[in-house]
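First, the structure itself, so that you have it in front of you.
As written, the chain order gives the labels A, B, C and D, with residue 1 at the start of each chain.
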Amino acid sequence: MRSDIAWSNAETIVIRGHDLVEELLGKVSLGDFGFLELFHRLPDESESVVFNAMLVSLAEHGMTANAMVARLTYLGAPESLQGAVAAGLMGLGTTFVGTIEGTAKMLQGVSGDDAWRTDDAALEELATGIAEGFVTARTPVPGIGHPIHKPVDPRAEKLFRLAREHGLDDAYERLLRAVKAVAEDRLNRELPINVTGAIGALATTMGLRWEVSRGLGVMARAVGLVGHILEELDQPIARTVQHETERTASAHLVEGNSHG
Amino acid sequence: MRSDIAWSNAETIVIRGHDLVEELLGKVSLGDFGFLELFHRLPDESESVVFNAMLVSLAEHGMTANAMVARLTYLGAPESLQGAVAAGLMGLGTTFVGTIEGTAKMLQGVSGDDAWRTDDAALEELATGIAEGFVTARTPVPGIGHPIHKPVDPRAEKLFRLAREHGLDDAYERLLRAVKAVAEDRLNRELPINVTGAIGALATTMGLRWEVSRGLGVMARAVGLVGHILEELDQPIARTVQHETERTASAHLVEGNSHG
Amino acid sequence: MRSDIAWSNAETIVIRGHDLVEELLGKVSLGDFGFLELFHRLPDESESVVFNAMLVSLAEHGMTANAMVARLTYLGAPESLQGAVAAGLMGLGTTFVGTIEGTAKMLQGVSGDDAWRTDDAALEELATGIAEGFVTARTPVPGIGHPIHKPVDPRAEKLFRLAREHGLDDAYERLLRAVKAVAEDRLNRELPINVTGAIGALATTMGLRWEVSRGLGVMARAVGLVGHILEELDQPIARTVQHETERTASAHLVEGNSHG
Amino acid sequence: MRSDIAWSNAETIVIRGHDLVEELLGKVSLGDFGFLELFHRLPDESESVVFNAMLVSLAEHGMTANAMVARLTYLGAPESLQGAVAAGLMGLGTTFVGTIEGTAKMLQGVSGDDAWRTDDAALEELATGIAEGFVTARTPVPGIGHPIHKPVDPRAEKLFRLAREHGLDDAYERLLRAVKAVAEDRLNRELPINVTGAIGALATTMGLRWEVSRGLGVMARAVGLVGHILEELDQPIARTVQHETERTASAHLVEGNSHG
């Protein structure tokens, strides 16, 4: 039973080998600290840019279901801001943010020889196998498709561009694009690589285990949800949403009974 | 019913007036994005240093109760990493992180004229009134005292030093120090300003409403808790902790019955 | 470090002294088991009726904020039904269910001699002191007032009637009614004792610590929220609510920018 | 967008067609109310016995991981009892309670003709197919096996006996027993049907969709976790567990550095 994350005594706190007060505070940003948590070393400048961009792209998506959850929870329990944010985070599951995990798992499941990294025919063959597995199972290919941001998701393209500009290997990007092309061909429609797909590919390139990749979304959205609680304090909407929903959803029952 | 945080169409996502793809990704770190959420503008360089330092000081405290909660929850529900982190965040209440809120509320409750900001006698009088209110009520003064980091909490001192070096007004730091001095005098023991106390003072200086100040801890600890889940995957401790606790806590019952 | 709740070996599980298989399964209902958890003994028949009625009165309130939270969370994370219900429960705070706690705390705060239990003048004096404390502080009196169920909350009256019919002491009911009368007089409006007020009074009569009285709402609402998830599976509303809210709340931003 | 669960006006609250005050309070127990939520009608006496027994068997398992989570969360945020219970519930995932869902899904996945219900050879063939699917995939068969309660889980046997005595069809019990026998044969070890397996089978017999079957555990454990918070108030263990874990897990780091 051991943990290697941190230790402290009265004068010193050390996190992953770095003295908190001397080496981290004032020198390291929250996003870079997240990199330290996941990779056990601080990022270089290029890694910092790409990693923070991945997080920022996930932090705020406007009035999503989880933002509404945070606000509705805060309405009932204003004594527990942490509970409202936590409630919001609990919706970051398979439907939305979980596709990071799906993409990372798909890409990290590639085994055997690495020919595909340099050989276009091998890449093509690998991508075809992956895509057809999903198409045959009538399951959505993770990381591909978006209801609004099509034919391209500009966030995904930007993240890939940043990664290339900062020297990250682009093998998983190319593999995901090849998978996408096969899927588009088989399903006969345009399927953009979406932001969570790009993040799943970049996290894989960086060496993050797929099992924890959903955590990128959790780190980032915690930041955004605090912003929603603040706005709810200033411009509340939760009570109105609740009243309107209750009224609309139960109108047939109330009416059905008002003549009784 | 309106929200001013974000809007989007197929090609563009705009957050607090900034085009996500063009102006934020690759340029803004997660911590700076948190500043944008809370203050509706990006930080300047000095603000960025101080704000990120505040967050980083809260992100990781080793094997705390909430880190254990995240790990024990993950043991039961590995399908829901977001749930494990959310469970961990729910403990960021009045006992630990809530003291940010307590300090900020105490400092933001100062009303009337601002003489204390420049007049030492007025500062002393104000601090005495505040401290004696808590001492009389036999309630701990928020932001003061620490079981381990004494006589000084090095994180608090570092944060204050960074803030001064980066040009933040130090009125609330001075007020908190004056409150601390009165409390030490009345209670006759050393009471360091702790890290959450310093953050409560700095958040107040920055203009953050006390009601949302606990959110700084939530933003930061979400980052740390993902690190704990990753370590739990590699070096699990939750099952052992649970078994040991169960065995120890129920030993008297099992023994009491084994002779029956 | 000891727990007296349960122990087990390969053949036997014992909970608060009762053999689970031989004495509880098939004989004890979930509500009665809740009584066992809180009072460390099984209820008699009368206690069972009243205690279950208290729980049932809290279990389902239709499309409340916490029901919406559970549904919106399930939309994002259908892999984690437990997370959706848990998210819903997190809103059972001071605004709604927390008033059980407020009422119980108010009533359990009565100290000194017990004359008020038998002497009407003492009751009146005690109630006046309590009510005026809240009125002076401009704080709502816990357990009193309801936006819809007025001039009486029929659930509260029913619970009190059941309690009297089943032999519970009515001293705290009388005290709460006296507090209500004073509050109505001072504030010059009708203030029904609401359902959480009645439950706070009955829980106090039963000897439940106020600190855990909110737990009655948590036990009960967990049951109701599972029902909401089931209905969400059959007749989903979460996605529609989210889309409508997003559209309405950000309309001014989208319009403001569509001409740009 | 409609909900059929409840409606109300100033005088009346109606839940699934029943007047709350007139027909439910004082007449219906919390467990029976749970039946109403799931099946949209009240249980008859036999159904009530079996359904409540299923819930009670899940309500309390002593110092489990989720009980520890609730207590550790309460340590940090005593202002939010609902958050502590909710945190505890979040661990009711695939590892423990989720096996109800696994069993129910396995049994509800049986399609085609119903010969197996009356024809032993068909039952045997069906069970063999199911069991071999899991054995081949090297996946545990849901609802079978237990680390402590072996060779039989007495709770499972009791639940099945209660169900038969109260007239429930036993087809799914027989199917699960047949699956178990094949699995024992193929894996060459004793595998008791466990309590969550029995509940998955009985829930299937009752007609509960597998997607919501995990909700039985959530309903029940919410009751048990409130009991743990109450005991934590009286006999706290969370702080000790946390200190001991922290000390043990970081001993190597502290020692490694104390000579530096």
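Definition applied: a residue touches a chain if its C-beta (ideal position, glycine included) is under 8 Å from a C-beta of that chain, and two chains touch if they have at least 3 such contacts.
Bear in mind that the values here come from a model prediction, so they are computed numbers and not experimental data.
**Student:** If I superpose chain A onto chain C using their CA atoms, what angle of rotation comes out, to the nearest 5 degrees?
**Tutor:** 180
**Student:** More C-beta pairs touching across which pair, B-D or A-D?
**Tutor:** B-D
**Student:** Rounded to a whole Å, what is the gap between the Cα centroids of chain B and chain D?
**Tutor:** Computed from C-alpha means, the inter-chain centre distance equals 36 Å.
**Student:** Quick one: report the Å distance separating chain A from chain B, using the average Cα coordinate of each chain.
**Tutor:** 24
**Student:** Per the centroid of Cα atoms for each chain, what is the distance between chain A and chain D, given in Å?
**Tutor:** 31
**Student:** In chain A, which residues are in touch with two or more of the other chains?
**Tutor:** In chain A, 1-4, 6-7, 9, 62-63, 77-80, 82-83, 86-87, 90-93, 97, 237, 241, 245, 249-250 touch at least two other chains.
**Student:** With touch defined as at the start, can you tell me which chain C residues reach chain A in the complex?
**Tutor:** Those residues of chain C that touch chain A are 62-66, 68-69, 72-80, 83-84, 86-87, 90-98, 237-238, 241-242, 245-246, 249-250.
**Student:** Looking at the complex, which residues from chain A come into contact with chain B?
**Tutor:** 1-13, 15, 20-21, 24-26, 28-34, 36-38, 48-50, 52-53, 55-57, 59-63, 78, 80-83, 85-87, 89-93, 97, 148-150, 154-155, 158-159, 162, 209, 211-212, 214-220, 222-224, 226-231, 233, 235, 237, 240-241
**Student:** Going by the contact rule at the top, pick out the chain D residues touching chain A in the complex.
**Tutor:** Residues 1-4, 6-7, 9, 14, 77, 79-80, 82-83, 86, 90, 245, 248-254, 257 of chain D touch chain A in their complex.
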